[in-house]
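Here the structure is laid out as structure tokens; the discussion comes afterwards.
As written, the chains take the letters A, B, C and D, and residue 1 is the first residue of each chain.
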Amino acid sequence: MAKTARPNTPSKELLEKLFTTAFRIRNFESEGIKLYRQGLVRGYFHPYLGQEGIATGACAALEDRDYIASTHRGHGHCIAQGAEVGGMVAELLQKETGYCKGYGGSMHIADISRNNLGANGIVGASTPLGVGAAMASQVRGSDAVTVAFSTDGASNNGTFLESLNLAAIWNLNFILIVENNQYAVSTKLEEATRETELYKRGEAIGVESHRIDGNDPLLVYETVADAVKKCRAGLGPILIEAVTFRHSGHHVNDPGKYMPEEKLAYYKERDPVDRARDNFISMGKAAASEVEAIEADIKAEFEAAVDAAKVAGEVTVEDFQEFVADY
Amino acid sequence: MSDRELMYREALREALFEEMELNDEVFIIGEGIAERGGSYKVTEGLLDRFGAGRVRDTPISEAGMIGVGVGAAIAGSRPIVEILYVDFAMLGMDMIVNQAAKFRLMTGGKGRVPFILRTQGGTGGGVAAQHSQSLEALFYHIPGLRVVMPSTPADAKGLLKYALRQDDPVMFIEHKHLYMNKGHVPEGELIIEFGQADIKREGTDVTLIAWSNMVPRTLEAAEELATMGISAEVLDPRTLVPLDREAILKSVAKTNRCVIVQEAVRRGGIASDISSIIQEEAFYDLDAPVQIVAGLNTPIPFNLVLEQASVPQKDDVIAAVQSVLHVDTF
Amino acid sequence: MAKTARPNTPSKELLEKLFTTAFRIRNFESEGIKLYRQGLVRGYFHPYLGQEGIATGACAALEDRDYIASTHRGHGHCIAQGAEVGGMVAELLQKETGYCKGYGGSMHIADISRNNLGANGIVGASTPLGVGAAMASQVRGSDAVTVAFSTDGASNNGTFLESLNLAAIWNLNFILIVENNQYAVSTKLEEATRETELYKRGEAIGVESHRIDGNDPLLVYETVADAVKKCRAGLGPILIEAVTFRHSGHHVNDPGKYMPEEKLAYYKERDPVDRARDNFISMGKAAASEVEAIEADIKAEFEAAVDAAKVAGEVTVEDFQEFVADY
Amino acid sequence: MSDRELMYREALREALFEEMELNDEVFIIGEGIAERGGSYKVTEGLLDRFGAGRVRDTPISEAGMIGVGVGAAIAGSRPIVEILYVDFAMLGMDMIVNQAAKFRLMTGGKGRVPFILRTQGGTGGGVAAQHSQSLEALFYHIPGLRVVMPSTPADAKGLLKYALRQDDPVMFIEHKHLYMNKGHVPEGELIIEFGQADIKREGTDVTLIAWSNMVPRTLEAAEELATMGISAEVLDPRTLVPLDREAILKSVAKTNRCVIVQEAVRRGGIASDISSIIQEEAFYDLDAPVQIVAGLNTPIPFNLVLEQASVPQKDDVIAAVQSVLHVDTF
């Protein structure tokens, strides 16, 4: 059920947005890993490197009123949904100026004000939470759509069946994007299930389901845009399995030795950030200087965010105790 | 008018009607709650009044239902998810413990979860080990949750209405034995804030702390104690989280003796926690150790005689009171 | 994927067994309901009336070493797996001589000695428990098969996906029988899911799956016998959706008014007990007298069980307290 | 030889090797436990030695895994299911609470469930609210479960081996901070029965009760107290269910003062239960109220300073001891 046709010529604006977002995520992750290695970031840090095309394409298809729900690998979703790098870096550095006051960290990062239900440390949780947001929208008569980003690993979890089924019987404006990066930590998808074409699970419960190349940001955008349109017309929910691959281990400290080199090379050839850049240049007729300027801005933005976070206020035990006084 | 009597279930229904009328963000989902009106008839009539958008039957998907409720709450709705038996809430425990209870803190306070899980617990009529549990202590131990267990129709109404106006996840636990109980429920607005214990009976010799279905049973015991010349005060915390520590300590300071009556099993129950608080904070007020009358440490057996032997009865309360009253003569 | 071909002529012995079992279940339930109405049975009682063909056919295909796992509607499975009516009636009457000493009751009834993992009050629980028994068999190198009886309602529960998937990746000797009686209490299956052909959920995760007429005890037998053979040959797990209908409400006190009369009439025309009897007579060439004798025996057996249970010892609080002393 | 030191994780691994060698019915499943050897390397080498039949990686299906373990146990195996974080056990809570814990009673004793859930809990290194909980109190409250929380390598080995030879479901909860700790583990057979507390340090002035990762911390506090002339006894129950009440009451009868140190949040924790037992059964032995040093009532925040402020530190223990020692001079 792969989608291939390109319905419209994409606008330069769109292509620029896709490139900008993809590159911002790429830069955030690469630089974030450096901060981690310097000991400035603690806890878990699951890089989105290699998967940028999915969050980038999907969120570009959403309006302000739409919601997303995210995973443990959530920096990319957070950025694509419009969060500012400053609040994110500060969060990773446990600062008061972080989006979650430094109480959440990488696994719970979110700019709630942008209708992001948050990254989540429980594999599979994004789906029911996302269905809930879609339900809230339906009850209040809004045509807002919710995109839940999920994973291949989560597809073997009961929440997948239960919540997608609820979305289906209630015709919710819900889009489930299964980011199939073919691994759950070191466990290959083929070891976790016999049927690795995960979109079939949606079909089995009557949900329109697609399987696409998740490394093609434009294709992701088009597929999600189409799904959004269908949802707003009352034809939801829709499942999109986006096939992709990590460029690194499961988390910062995982060398990822179990990932076959040829496969990694194959997917690096289809790097979503390169593709976004190529599209911007070839289809969007962007000049090299435009591209360079964008990249330089994004790098500078990140560096400024680090500088700001480093000098930002520390959270205090007193504030925290007050915060939890009614717990 | 002010003598109006309602059944517990009617009072709950009235709360739902009033709040759904007032706030379009309130909706309710559960198994058989719409057309069938719920196993205990609490939701009867809601479908007709508020329509299938806000009153929905669900498949048997407890984890999904609870997750959807939590997600909707994060997105600003005020969902109520009805779980038929508190035992089945175990299927959605991850969503309760790891999502609902944590979200506010994990977002640095920027997110709130005004989610209500309505359910019922306790023993009754031989429904056996998987349909008879009193599991409030599990939720009590998870910071971020509110735990509400009304014992009377008026409390049920007032607390449910308040629950629908505050912003934290609430485990609203009813009792299968209470639905048909009648009690005075005033006409008009009735809101009971969380964290306010109610003295269901005043007394001077001993403080009896009980909640949910143990309240009527403890009141009966108190009546019988009165005939024996013992004046028992019966304190119902109504909400276990937040707990009205002040009211408890004040009563104990007055009576100097305390018995806590809990249907849940003894080991690791809320009674233990209340006891530990009293002895930490009112050690020198106590003329006798705090006694706990609680369920046996056992799953509830099917056999009705054993079921009854597994949870506190009136006579157990009386015996415990006698023991704390005489203990200092040992 | 309905199966229709009749591979072999069934033996008279088999036909007799099917009829005997089906009738024993029918009689147990009809008479049990009377005991309930007399106030002799308390708690829940979910009659298996109308669904007898499934337990009957399935268990007839099993050997002594095989396991079953059952549901809240578990009397039929218990009987079909060889339990004696005496221990079952005593259990319902809360007697010490009951299979579970009167501690379990209808919802937890089981003759553990016959590899029955028990009836269960949690919808959906039979599947993971059954997969567990199948796993135990595999680890100990036994070719024993486990049949988990489950329900349409349980198919929308996460346990369905998780445990069937585990059985699949481990090629367990596991047969999941989904008794699709089209209702969960008063909720119609069409309201609980868009895709009411439940066997498709097995296929979506790579499990051989069938949908059959559950009111045909012989067909159930043949389908399960075939599945057992495949499992023992390492081709498990297998899912069998057996379509059926209750003859009464969800539990004793449910008048079942929501069940359409025409539908009920349709299924009563296809009564599994009548079919088992007809098969016994037509294919097995059984004489009317044989049938009558069997029926009379089964009725007498039940009456004797009631008489015995009534005078059996009561459980005592002291025994119970000793039992739970180490809890 | 008898001075052999092992890491906690090595001791656990040794127990697994020995018992899997002895009993073919023992098998283990979990996420990344086979080829990868587990996140904490406890299961390293098992796959090579015992093969893919008895050592299996699983998908991310906690409820299913636990259910399969319980079913296998009912069918006579001795399964171990490893759950990466105790927080994730919430996904399988139904199988733990409603199946594993209930089966023996529901079958009138004819069925047993020799099932072991191995997991780890506690705070450490900023893994935040969903990966840092201490949830033992939830299992403690469910009759039918055993709750085991070893603090040393030797206890870990001996208790795990015993767990694999008894017939009831065990929640075997390790601690993320303990895996690299070293301690003496004797060569040869080492079996530690459940229900036997261990006095980790003898003392006369005050009884300190602690388990799991709070034991080393409490021992440090005791050392420092010694320099202040205070002799603290440190008692580690090792198994919370069954609990060695006798040992606790005996120690308190000797010291007349007690502080309970618990990493889990204060509200509704096991410390409250132990406190309630002590005051019910040893009220007149106490020269001061039992004090509880426990986690703040909060989900664990990411920030490391706040994480540390959320759970008991050595100085908190010392302060509590000073308070119970001086309290009667008030």
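What we mean here is this: contacts are C-beta pairs under 8 Å (C-beta built on N, C-alpha and C of every residue); 3 or more make two chains touch, one makes a residue touch a chain.
Note that the structure is predicted; figures quoted are calculated from it, not measured.
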| item | value |
| --- | --- |
| Most distant chain from subunit C by Cα centroid | A |
| Result of counting contacting C-beta pairs for C-D and B-C, higher pair | C-D |
| Centre distance in Å when subunit A and subunit D are each reduced to the mean of their C-alpha atoms | 37 |
| Averaged-CA centre spacing for the pair subunit B and subunit A, given as whole angstrom | 40 |
| For subunit C, residues that touch 2 or more chains besides their own | 100, 102-104, 108, 120-122, 156-159, 161-162, 165, 169, 191-193, 324, 327 |
| Interface hub residues of subunit B, defined as touching at least two other chains | 58-59, 61, 63-64, 87-88, 91, 94, 98, 105-106, 128-130, 143-144, 296-299, 301 |
| Residue numbers on subunit A that touch subunit D, as the complex places them | 42-44, 94, 100, 102-105, 107-108, 120-124, 153-154, 156-158, 184-187, 191-193, 258, 314-315, 317, 320-321, 324, 327 |
| Residues of subunit D that touch subunit C when the two form their complex | 24-25, 27, 53-54, 56, 58-59, 61, 63-77, 79, 94-95, 98-99, 103, 105-111, 143-144, 242 |
| Subunit A-facing residues of subunit C, complex | 156-162, 165, 168-169, 191-195, 200-201, 203-207 |
| Subunit B partner contacts - residues on subunit D that touch it in the complex | 63, 87-88, 90-91, 93-94, 96-98, 101-102, 105-106, 128-130, 133, 135, 137-138, 140-141, 143-144, 241, 264-265, 267-273, 275-277, 279-280, 283, 288-292, 296-299, 301 |
| Residue numbers on subunit A that touch subunit B, as the complex places them | 67, 69, 98-104, 108, 110, 112-113, 115, 117-118, 120-122, 125, 127-133, 135-140, 146, 158-159, 161-163, 165-166, 169-170, 323-324, 326-327 |
